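Note that chain A is present in both complexes that follow, paired respectively with chain B and with chain C.
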Partner chain A sequence: MEGLRNDGRRWNELRRIHCQLSTSSTNADGSSYIEQGFTKVLCNVTGPAEPSNRQRVKQDSATVSCEVYFAAFSGTDRIKRGRNDKKVQELQTAIQKTFSSIILTHLFARSEITISIHILSQDGGTLAACINAATLALIDAGIPMTDYVCACTAGQSTSIFDNEGASPDPWLDVNYLEESDIPSLTVATVGDSEKIVALSMENKVRIEALEAMIAVGISGCARVRGIMDKEVRRYGKEKLEAEGE
Partner chain B sequence: MPPPTPLSPPELSYLFTSLSLTPPIRPDLRSASQFRPLIAECSFLPHCNGSSRICMTEAGECIVGIKAEVEKDATSKYATIIEREKWIEVSVEVAGGGASGPGSGVGVGGISGAGGASGRDEGDGGAAVWLKEGLLACGGDGWSILDRLVISKGWHWKLYIDVLLLTPTSHPSPLLLSTAVNMALDSTYLPKLTSPHDVDDIPAFSDDWAISVPLYEPTTFPRPPISLPVVAIGDNVFLDPSVAEVATAEVGLVVTLALSDADGSCDIVGVRGMEVGRAGGKEGDRKGINRKLLRKMVTTCVNEASEVIKTLGETTHKQMFRA
Partner chain C sequence: MPKEPEISLTEKTFVLEALKQNLRVDGRDLQSFRDIQLTFGDDYGFVDVRLGKTRVLARISAEVTKPRPDRQFEGMFTITTEMGPMASPVFEIGRPTELDHTLSRLLEKSIRRSTALDVESLCIVTGKRVWSLRADVHFLSHDGNLTDTACIAVITALAHFRLPVVTVSGEDITIHSVTERVPVPLSLLHWPICVTFSFFGEDEGGDMVCAIDATAQEEALRMGDMTVTVNKNGEVCQISKSGGVAVEAEVLMRCARLAAGKVKVVDKLIAEALREDEVRRNKGNLDWLKEGKSENER
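Moving on to the complex of A and B:
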């Protein structure tokens, strides 16, 4: 018997993903907005530009820096997170490391690429949404990357094994309720190559269940890539047509 | 400090001349009382009681989220005005469009007496102070926003208004901020009280959002306030000035208005001075402002802006209805 989750999805269904490119009119070089269910994230990318800080100058490649801001109104309760908040710093490091390896930084020596992310609404999968938003904003800014970086979450519904010894299906793209209830991980892949660039899990889980969770997460990433690619192509076509007139 | 501009003295001089002609020629060919286009949407954040996003081409982007929390009155007796004013908390956070982080700004809106760029309404709060002042001043006839926040005996809503500014400059237009706050307030709904009004037990609310109560009743007046920047160059008065126009202007005001009836007439809620560049005159040549010119600036605001404010309110309601 295949059950339904509390929001009516099956185990392998994603939440609604809505993404947009070039949303901001500010001086950012690229911007994007992504909604994954009720998780809403806005991303601006500036650069490659002259580094704001001497320490950030690398002679042979570009520096990727990341700033994450949690809006005070983003969660269920109003919480203000400062710059030195542990969770903020962790997200920043994770995103910065992921994109440093994917962006062709050797093309922009002695320059800086800044990714600034604003989390407007949190409903599970914050890191995944941040990574997806950053990918779209980097594409909008025209910064060369080896491929899309797509992220998705997966959770293990229960740690109790059934009689046959097989574990139940992992859940794809967990929401806030599921995330706080069951062990879950975030996985990011390069395009649809199934190669992992970022993996993060903060709970205990049985070793037998881990591989299935990662596998389900990766299949989710491939679907996210499809959705993002469709939007990038739609936006690109629209922009070209507008310029052709 | 007036807002810094990238314009050179000859450019400013050219702008000053073209803006003091009759009729004036604005750099973007708008008429003197024409506003710039903006993108506005509201109630898009599921965790907030009210939210809005305003996008303006030059001034950048502003996102406002309003959250309401149930709070017990500080004293069991009648709450004092000072205590009641703490029921609303406004905080403005400036995050640059990219490279510039928070705290890089000098002063939001360049409004006189406004200190730091980001901050809360207490003390040196900059924009947060005048946003809250306008909100509290709005009313008259004994009506106040604070009365709407009373839940029952001994309990009230605490309103957190969080403004997130994504701007290329540290001097965004006050119009951007106040429009965003206005729209968010207009789309704010509070859960309906199900327990009796006159009992001081912990209040109980209905889970049904369909019967929730709007903070500002859609058909009653006054509406939430809106602050309009206006500058004068020579005898010409310009609404919604661009950064270049502010740099050139001789005098600037921020006029806070609230719609007072269905025909679109407005009440003046507040007038504040705005820092401008005064590029026209020589350094140290501060002539002062003619009383008649000030009057002209305020009346222009009242006469020309009402339609814009009215349309904005209608847009909000249209979006709310759709949502």
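Moving on to the complex of A and C:
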């Protein structure tokens, strides 16, 4: 099939995104659930609350901490990832640092905001889904942030350049098969400003191809933001109407 | 754990205001590294890298082990980092800090995942015996930019290391000592080198400053950072920017291109240092090295 990817999408198409707010009403201050294709992530936010650990107290701002749990059944092979797994720790630091700069932490001195993320199913773009889920859960918890943080992935479809020197279109929102096959990056932007707050790439790529990948990633972030914003507004409206009755 | 001493307000204002005028406390311009000094030890694969006051030591060691059952053709290569109170009182032994995690992951991604070292070349007998290489990185002094220094140290040490020659006859494996046979260099496919950018100030109105090779003082004051790993062929092996100030894509691309330029210079510097060391080691006996050819006129 000409120009179609293995799951039938074109180069610039996102997978289906389904998101929900307030998924667990009792034990968290904010919660969310997001599906990006077959990547499924559940996120709970607690806080601002008293820090569980004395060392984490900061006198002038809130501490943001993040816990990531991979369900053993989330990948193709059953792998139990413990707390000290390097991949888990890297995800935690990436998410924690990203949100520390977006949340208005100076409003909650000497307190802690905990983002705990459960990855139920992995099908590419795990980091992106985690960031999106955390944004929604923080909004649900009513924690002030400067803007939405939306993340998306982009992959370089092939490393062969055609005769005119133009590279082929990068692929937006890669799935697991594509992610393990081609170089890809995750980019997270703030609101619709097109400014990058987090960027991560782990594969080798020609520097000439990088710009196009980032550009496609940013356009994906804008679309993700649209979808998330729609859900937030729908949920808010529903909530208001329910209270009005 | 002792906390890092906070920088006084006057010092902070001074450094940041100076940066706004493209000036740095140590007199460098924004886009230059501090002096890189490479010292080699008596053994192969032992390198001491100094970047200003930052000092990192890397050592490669090799042993013969059994390969992993799922990767029978491949040798093993691990990088271990150790931060102790020697580098800075903030670090404690046995209690890795966040910096420790990010640094070891960065080295892993930059060097191991970009397949800088051809692990298949470490195989001796398929499924039975392989070389297991280990790079130990020790931080002796911390004055900022540990990532770049550690990356340079590991790459230089790998390029400097020589593996003993092994001969296989039937089931028997003989490892020849250095005096018996000249040991061979590792097969390094490329030299990935990290360049870390530090961002100061907000991106609004274009008054954001971006500098490379930050000192410890600048690191404590920066608002965001990004590490780009490039090799001299212009291939980006890894990029990571997590959090910090939000930056335009255009600025990031400019940083990546700048990094590609810087890496070429560092690459040349390492190659030069390695060549000098080689000449020093072969003092007086191997003339072909200096002449650069394998046959001499008789």
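Heads up, the rule we're going with is that the second predicted complex is superposed on the first by the 242 of 245 C-alpha atoms of A that agree within 3 Å, B and C clash if a C-alpha of one lies under 4 Å from a C-alpha of the other, contacts with A are read in each partner's own complex, and residues count from 1 in each chain.
The rule is short, and it goes like this: a residue touches a chain if its C-beta (ideal position, glycine included) is under 8 Å from a C-beta of that chain, and two chains touch if they have at least 3 such contacts.
Model, not experiment: these values are computed from the prediction.
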| item | value |
| --- | --- |
| Overlay on chain A: chain C relative to chain B, clash or fit | fit |
| Contacts of A:11 with chain B and chain C, given as first, second, both or neither | neither |
| First (chain B), second (chain C), both or neither touched by A:47 | first |
| Contacts of A:118 with chain B and chain C, given as first, second, both or neither | first |
| First, second, both or neither for A:74, with chain B first and chain C second | first |
| First, second, both or neither for A:210, with chain B first and chain C second | second |
| Chain C, chain A and chain B - angle at the middle CA centre, rounded to the nearest 10 degrees | 110 |
| After fitting on chain A: smallest Cα gap, chain B-chain C, Å | 18 |
| Residues of chain A defined as touching chain B within the complex | 23-29, 38, 40, 42, 44-47, 49, 52, 67, 69, 71-76, 78, 80, 83, 112, 114, 116, 118, 120-123 |
| Partner chain A, residues of chain B touching it in the complex | 44-48, 51, 55-58, 60-61, 63, 65-67, 69, 91, 93, 95-102, 160, 162, 164, 166-168 |
| Touching residues on chain A, where the partner in the complex is chain C | 55, 86, 89-90, 93-94, 96-101, 185, 189-190, 193-208, 210-211, 214-215, 218 |
| Footprint of chain A on chain C - complex, ascending | 1, 98, 101-102, 104-105, 108-109, 113-114, 203, 224, 226, 230, 234-249, 252-253, 256-257, 260 |
